[in-house]
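Structures follow.
Shared between the two complexes below is subunit A, which has subunit B as its partner in the first and subunit C in the second.
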Partner chain A sequence: MGDWPGYLTLIVQGAWVTVKLTVMGSILALLVAFPAGLGRLSRHAPVRWLATAYIEFFRGTSIFVQLFWIYFVLPFAGLSLTPMQAGVTALGLNVGAYAAEVVRGAILAVPREQFEATVALNLTRFQRMRHVILPQALPLMLPTFGNNAIELLKATAIVSLISLSDMTFQAQVVRSQTGSTLIPFLTILLLYFLMSSVISTGVRALERRVTRGLDGVR
Partner chain B sequence: MEWDWEFAGRVLPLLLSGLRVTLIATVLGAGVAAVLGLVFAILRRSPNHWISRPTGFVVEFIRGTPLLVQLYFIFYVLPEIGIRLSPLAAGVLGMGLHYATYASEVYRGGIEAVSRGQWEAAKATNLTTRQAWVHVILPQALPPMIPAMANYLLAMFKETPLLSAITVIEMMGQARSVANSTYRYIEPMTLVGVIFLVISIMSVFGLRWLERRFGGGHR
Partner chain C sequence: MAEPIIRIDNLRKSFGTLTVIDGLSFDVARGEKLALIGPSGSGKTTILRILMTLETISGGRIEVAGEPLFHMAKNGAEVPADEAHLHRMRRHIGMVFQHFNLFPHKSVLDNITLAPILTKGERRADAAARARELLEMVGLADKEKAMPAQLSGGQKQRVAIARALALQPDIMLFDEVTSALDPELVDEVLQVMRRLASETDMTMLLVTHEMGFASEFADRVLFFDKGRICEQGPPDKIFRNPEEERTRTFLRKIIAAGHRV
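Entry: the complex of A and B
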C-alpha cells in the first residue's frame, strides 16, 4: 500500500495502450469498411457475396469470441499474433463490419437523381464515386462513424483478457496489489469517459468542417 | 493441432448447458434494461433541470465507458459497501444498466415521434396525464420501437461472453474452462463462434419480420 504515484504510472501506461489500440483499430476499421461497404453494392455477384459474408460473420459473432479465436486458434493454423496484433485485428475487423454497413447506408441515401446525373454526364464509375457520390455520402457517415469509434474504444477493454496490459488490465493489477477496488476502477471509468468525450467532440468538430458551405443545400 | 470431432462432441453438451445460462442472463438483463431504460427516458424528459441534467450525465457516462469495467465495478466494489451479489446477479445488473442507456434513447425517440397533436387532443378530451400516456401516447410510441429494441437485445446477447470475466459460467466461460484444462482451444472456441453465428443469423430473420410488421408504419 501507499505507492500511489507508482500505481498511477501503471494506469497511465495502460491508458497509452488503450489509446494506441483505439487509433490503430479505427484505422483498420476504416480501411476495411470502404471496400466491404462498396463491395456490397458491387454489380459483380461474387464480390457482393464475399462482402456480405464478411459483414454478417463479424456482426453475427461477438467481438470477445473473435478475439479469443484470433489469439488462441489461429496459431494452430500457423499464424501467431502478438496480443497487440490480435487485439487490433479483432477490433478493426469487428468494427469495420459495422462501419461497412454505415458506408453502404450512406451511399444508398444519396438521392437517385445524383446517380442518374452522373450517367447522363458520362462519368466513369470511379469518377462518379470520387467526385459526386462520396463527397455527399461522407457527411452522412461521420456521426455514426463517431459512435463506432466509441464502441471500439469500449471494446478495447476486453483485450485485458488476453493479457494485453491496457488500462483495464492495469486496474486489475492495482486491485490485486492494493486490495483497493473503488479507486482503480473509478479512475479508469473516468479516463474511458474522458476518451469517449474527446472522440465525440472531435467528430462533431469534423462534421462542422465537412458540412461547411452545405447550409441550405440539404 | 487437428480438429478432433470426438473431442468436439464431448465439449458440445457442456457448451449447450452454458448456453442456457447465456440465455437466462440475456432475458433477465433485457428485463432490467427495458424497465431502467424507461425510467431514464422519463427522468431525462423531466422539466426540472436538477433531475434531467444529472440523469443525462449518468446515461452518457454509462454509455461512454466499457461494459467490462462496469461489470468489474459492480462485482468488486459493491461488496465493499456491503452489497453482495452472485456473479450472475452482478452480470445481469451490469448488462441491464448498460443497455438501459441504449434503450432510453429508443424510448426517447419513440415518444418524441408521437406528434404534438396527439398530446393536444388528449388534453382537449380532458384525459388525465396517466390516461394520455396509457391510452394515447404509449400505444402509438411502442410498436415502432420494437425493431430497435430487438436489435439491442441481439447486441446484448452477443456481449454475454463478458460475464465469464466475472466468473459466470455461461457458454464462453464453459469454453474457457475446457480450453484451460485440456489446452485445446480450437474446438471449444470455434463451436462457441458457430453457436453464436447460428443464433444471430436466425435472429436476423426474426428482426426482418419485426421490421416489416412494426417498423415503417409511419412511412
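Entry: the complex of A and C
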C-alpha cells in the first residue's frame, strides 16, 4: 500500500483532464449560447428555425449518444477529432443548448419599456442590444449559467467512454488496482465538490459585479 | 400658414378587432404646443406612440417635416418604410414616458449622453458638457453621478426630459409624464416643462390629465373621444366654453376626480 502517492497522482492527472473539459466546454457553451439564444429571437424566420433546431436537437437527445456520434460517426464524414476535442464539443454543444434558452429568457425578461426608450432615443438594433438590453439581461442569466456550468462539470465523467482518462476514470483504475473503493471515491467526491464550489463562488462574485449600482431595481 | 411639421391624414389604428383610431386627421404647426386630452382608451397615447414609431399604423398617412413617416419612395412607387427610413425620421422626434424608462444600469449622466454619442457620433466630452447644461436646466446639476434607483420619481422624470432633449429633436412628445408621480412631485416636473414651452420653439405634443397645466401650456387643445377628435380649439374655449356635450361631461368627471382645472 506504499503506492498511494502514485495513485493520488493518477487521480490528480484525471482531475486536470476534468478541469480542462469543464473550462473549454463552458467556453464553447457560452460561445454557442448567445448566437443561438439571440437567433431564436431573430426577425428572420430561417435564423429562428436554425437556432430552434439546434436547441431542440441537443436538449432532446442524450449527451451520451451525442458524444458517440461526434467521436465515432463524424470520422465517416471526414471529420476526425481527438478524444479531448470530441469531449469538449459534445459537452459544449449540449450545455450550450440549455444556456441558449437562458439567454433568450433573460432577454425577454427585460421590461418592454426599456426597449421602447431605446427606440425613442433612435438607437440602432445592435446598439439597443449591446448597450441597454444585454447589460440588463446578463445579471438575470448568471445564476442559471452557474448551474449550467456545474451540470457540465458533472457530465464530464462520460468522456471515459471515448478513452479519455478523466477523474472518475482514474478513480476506477485506482479502485481496481488497490481494491479500495473508499479512498479513491472519497477523494474524487471532495474534488468534484471543490470544483463546483469554485464555479459557484466565481459566478456569485461576477453577479455582484454586474449588479453593482442596480440595488433597489431588482 | 407655413408648412405644418406634422400632418396626419385619415389615420387608422386597430389592435386586432379593436379600433382605437378611426379616420383621424390633423396638422401641427412648427413650434405649436398641443395638448391632447380625453377619456382613457380614446386613442391619445396611441397617437404619440405611433409618432414615435412604437406602433405601426393600420391605414392612412403621416408626414413629419414634409416626409412620410411610415412610407418611402422606392423606384418611383411608395412602399412601407424600412428600418433605415424610420431611423432617419426618428431624428425629428423625442419622447418622454409616463414611467420614465431610464436605463437602471447607467448613471444619470450616461443615461443622457448615451444616445448623442451613439447616434450622432458626438465626442464624450461634448456630450457630457451638454448633458450638464441640461441637468442644470432641470435643476439636477448635483445628480450626474447618481444611479436612477437613487432618485425620486420627479427627479427621474426630469432626467428623462433632459435625456430626450439631448438629441435636440424638433418635436417632443410627452405621454402623461406626471401620472406616475406622487402629487407633491408633480410641480417640479411641470415647472421644467413650463420653462421648455416658453424658452424653446420646439413643437410639443402633450397627453395629460392635468387640465390646469394643459390650459396654460397649450396653444391648442384636442379633445379625443373614441379615436377621433371630438372638439378642438384654444384652451379658453375648450375648458371654459366647450360646445360638445361629451367634452362637458369629460371635464365634469375630471373635476369631480379632483384634478385641477
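Please note the rule applied: the second predicted complex is superposed on the first by the 217 of 218 C-alpha atoms of A that agree within 3 Å, B and C clash if a C-alpha of one lies under 4 Å from a C-alpha of the other, contacts with A are read in each partner's own complex, and residues count from 1 in each chain.
Just so it is clear, a residue touches a chain if its C-beta (ideal position, glycine included) is under 8 Å from a C-beta of that chain, and two chains touch if they have at least 3 such contacts.
Computed from a predicted model, the values in this text were never measured in an experiment.
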**Request:** Have a look at where A:L108 lands relative to subunit B and subunit C in the superposition and call it first, second, both or neither.
**Result:** neither
Which holds for A:Q136: it touches subunit B only (first), subunit C only (second), both, or neither?
-> second
Contacts of A:A117 with subunit B and subunit C, given as first, second, both or neither: second
First, second, both or neither for A:T168, with subunit B first and subunit C second = first
So, does A:V65 touch the first partner subunit B, the second partner subunit C, both, or neither?
first
**Message:** Let me test your reading of the model: by the given contact rule, A:L41 touches which partner, first (subunit B), second (subunit C), both or neither?
**Reply:** neither
Of subunit B and subunit C, the partner touching more residues of subunit A is B
Touching subunit B in the complex, subunit A uses residues 56-57, 59-66, 68-69, 72-73, 76, 150, 153-158, 160-161, 168, 171-172, 175, 181-182, 185-186, 188-189, 192-193, 196-197, 200
So, in the complex, the side of subunit C touching subunit A is made of residues 52-54, 83, 87, 90-91, 93-95, 97, 99, 101-105, 107, 114-115, 118-119, 147-150, 163-164, 167
Interface with subunit C, subunit A side, in the complex: residues 113-114, 116-117, 119-125, 127, 131-132, 135-136, 213-217
In the complex, subunit B touches subunit A at residues 1, 61, 64-70, 72-73, 76-77, 80, 158-162, 165, 172, 176, 179, 185-186, 189-190, 192-193, 196-197, 200-201, 204
